[in-house]
């Protein structure tokens, strides 16, 4: 009761979109401002991460867990991975070079290309087996294979670059 | 692996009986001595209080929680309340004066005796209502009511003394 | 169908009703008293309303407050669950008067069936057998004593407005009659606000067998077979099963017809239960009608495949009962155990405290209905039933084995429960044979003590492991130094930090 | 009955079998690889054996090691579950040779049904319709291409030893034929150690409907009705239901008879499944027989009330099947969803990680089969199926609504799952109408993205509350000072410690 107001400004990043929020807390009441709307809610944390939030006559039930970098928000059967970011010095969203990184950890079944060879878009570069399924790494564009990083029976980890391809200019 | 042996001597009290145990730990192996038998088990705590203990070819599954004074041990659908006691300075088991303490928290419906009156064993002294049921406090022996502590509509807590009775010598 | 329903209850039954509504796309409103602020039924509901003071009369029994709030949130209907206001005709009437649908029968039927004397008279007219007794309006003690002597002993004293064993006494001999009548009246007054009682012949070794009824507003009445509820302590059921081990196709047919006749005779609507007493010769007698959903409804759901709560909602909203008597089939066997916070080795005394850990058994055909969870505080304000455990299997034997397995994996730490006791009852040879009466607990478990066997070796080993893992080295030193004359000083295996 | 059974499997199916054994009073022995040391199936078993290296061939697929350990602990029987060694005739044979009962059919039947070509020939002799195709032993590429062209397009290339969609390719046009044959052979080789394939006519818009069989060693064979398993991705089932929305009493009768005829023709014993393909005109074709318990067996259990695992144990121990065909009734409707650690918006790619939180939905007729729990690590060694969620209700519509409710309350945090995807599939108007084929996912969910709608307001509010509760004052100051030019400096509501 003696606790005074406490205002926090937060930015959340979710799928390259950033959401700016202001939240002021007075005991178990929260005044949340987002997109020029103010929401007044009464909330409590029932057990660690389990929130019960009354918004008007509605109860929002959510479970939040804190990962290494991300928070996971469970709402109504869906889970959203969200990063809390600082307004200044925010990193640009890293754009993955798509298909040339391994999407999975597994074992290399075979490498179908040689360094220096010409390949066409969608040609298979590497076949990876994981959890008894095959995954194909295909060329994202026509080009020349500059480097391959894996050969048959190699172990490959999720996110590792499988090959480098010099894009052929149109 | 570098962890050396660690021996603990423990006394557990359960229902006025005391059990003496020695346990020596080496990593996840435990050598337990009780009643001149030695038991060698391999055990791990899967999550706080959840133990999986391999004794020979048998797995003992137990959940232990720590209350204020007591531990609760869950084994195969039964729960045992156990107190860890020190060998020296151990308190004597407190013997409750049986029926004259309230077994429940509730409201006093009526007090059936007056101070100074003579009563017989099993005479009703106090009627307490809790959770929509009536509980009767009866005289544990013939005697004289020395003191009553509650009257109609009083709130009574579990364990409170309801009356004092001077026992009539046989 | 309703768009919004308020559930005027708490605990497992509120949770169960809320889930049924949500599956049907109905918005739910929970009510709660201060001590239930974080209770599961509040967490799961779409909206919730604080009724304040935990004293039932100020919250869960406060008709005016509940109706006012239902109107405020525009609830179109109220489900009363069981207990609290479920069989209160004034509440059903107050709903009606406020334009809110009461999910249950009409106030008139509730009132009629709530008066055990009038109920019996009415049902007897429908040619359903009733037990001989005194149902007079003369309620003075001398009259009751005189009538009691006429019926003979043993006899039963029961609260006219009663239910759940409250205000009920068995009188074995004349000398006990007066005290029993007085105490039953007092309990009746306190529980129901009405001290009227009736007397009836006491049937020795009876079974309690009840029939589930569904009746709509279009004249359709069906039954959903029996539930055997003979295993009781303090006149309250703790284990229920269906089919009853004593039932024959012929008796089932007769009792089912009687149940439908009884419901039809009073113009019953919605879900209800006709309770019978069955003696050793398969004679059955109407005892009373429960004008609400029963605690033990899950065993009927398990064996018939019918969702009773969803049908309550459909019937209340005016839909026709599309289930026909011949569509209802009974398959396999189901058992329910009521998990109580109580001590069976000490007169089933309720136990109060915070649930340090709740972990429910899980497996095929194991159903958990619960209104509590880890960290919930069990207070003395409400009934000590924590949860219900229901199982079903192909036959009775498998059902019993499954229930014993489930109870062995049922973790509730923080209050004393009846779980070990339930296991022992189920595993009793006479229970396994189906030889049960309402006296079963008294006959076989009168002086039961959970702890007479002492601490099992497995518990000691678990404790030793736990304490070894959680003991700090300093602590050991302290233990050691506490008493230089301790025999431990001389034990050879002492080793530290080797 | 057996006194001790070893379960040569892991995950939810090991847990499910262990529970069935324990209810029947059978002692259970779990096996595990290093990474599964603390897995639920190990925790629940009465004994457990460490098989070492997590690579399947070193542990769960290591026949010699498993047999040796079974002998060491004196297990009388081995239940193989599904997957791993369940359909390996050498394993069944090795059990037999060691005097251990293999809970399943004979090695000969497993071998015969494992050879998809021989299986079809045998079944065709029993007058059960099969799909036209090439089943020859000539396995050179030119022959296969020639035979493929004869059958015409589209056609299917399937591993002879296959199952679960591994080593299977659909060839839409001649130009794709060679590459598909090669890749199917390679996958077949890797998964089954046998690169033999067969070709068959590809049926457009087929349904996958299978019949459950139980057969004992006394000549009794019954079926337990159908399961519709058309909802598949990557040729693996993700949603199964029974009854099938397309089934008529007449077709059910015909297919049931065909299934029993097929099982009888091969001298089948124990539980098995006959898979059929059903085209748009209700023609059905035998596809293959699964000589084991199916993943989706719970929906059959829910609608028939029969416990298939317990019957597997009874049959294997030599007991007679006391269930007669006419005793088996199908009641209500059941649905199963497979909860996978995979990303439906990214080609259903498996997801690896530690489960930070697992919280299962609970309610009447909601069944959870799971082999994981909070803090379990999902590795890439095994199948990414985490759990199964089964519901049943009075009819299909209620069953779908119940499943959507349950999925909405299903918490798995730490890996990407298909839960949101499953909800969308169930709620699709064509699914609700029952218009489903094995192409359903491809047709309607080809480019599905969970996140296209952005972060919902409720999630933002929950985050704001959470962070407000967990932010320290010092931290706020740090945020504030981080950028003196921040627009927040000029916001009017700034207040601290007022």
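Per-chain residue numbering starts at 1, and chain names A, B, C and D are given in the order in which the chains are listed.
The rule is simple: contacts are C-beta pairs under 8 Å (C-beta built on N, C-alpha and C of every residue); 3 or more make two chains touch, one makes a residue touch a chain.
Bear in mind that the values here come from a model prediction, so they are computed numbers and not experimental data.
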Task: Pair joined by the larger number of C-beta contacts - A-C, A-D - done: A-D
Open item on the list: Report the inter-centroid distance (CA atoms only) between subunit A and subunit C in whole Å.
Closed with: 49
Task: Computed distance of Cα centres, subunit C from subunit B, in Å - done: 28
- [ ] Mind checking the centre-to-centre distance between subunit A and subunit B? Centres are C-alpha means, answer in whole Å.
- [x] 52
- [ ] Would you give the residues of subunit D that are in contact with at least 2 other chains, written as numbers and ranges?
- [x] none
Task: For subunit B, residues contacting two or more additional chains - done: none
Open item on the list: Going by the touch rule stated at the top, which chains touch which?
Closed with: A-C, A-D, B-C, B-D, C-D
Task: Of all residues in subunit B, those that touch subunit D in their complex - done: 44, 46-47, 52, 54, 57-59, 61
TODO: Please name which positions on subunit C make contact with subunit B in the complex.
DONE: 166, 183, 186-187, 190-191, 234, 346-347, 349-350, 352, 356-357, 359, 380-384, 407-414, 417, 419-420, 423, 450-451, 454-469, 471, 473, 476, 479, 482-483, 486, 488, 491, 493-498
Task: Residue ranges of subunit C in contact with subunit D within the complex - done: 16, 19-20, 22-25, 298, 301, 305-307, 310, 329, 331-332, 360, 362-365, 367-369, 392-394, 398, 401-402, 405
- [ ] Sort out for me which residues of subunit A touch subunit D in the complex.
- [x] 4-10, 12, 14-15, 17, 19, 21-25, 30-34, 39, 41, 43, 45, 49, 51, 53, 55, 60, 62-65, 67, 71-80, 82, 84, 86-89, 103-106, 109, 129-135, 158
Task: subunit A contact footprint on subunit C (complex, rising order) - done: 38, 42-48, 73, 374-375
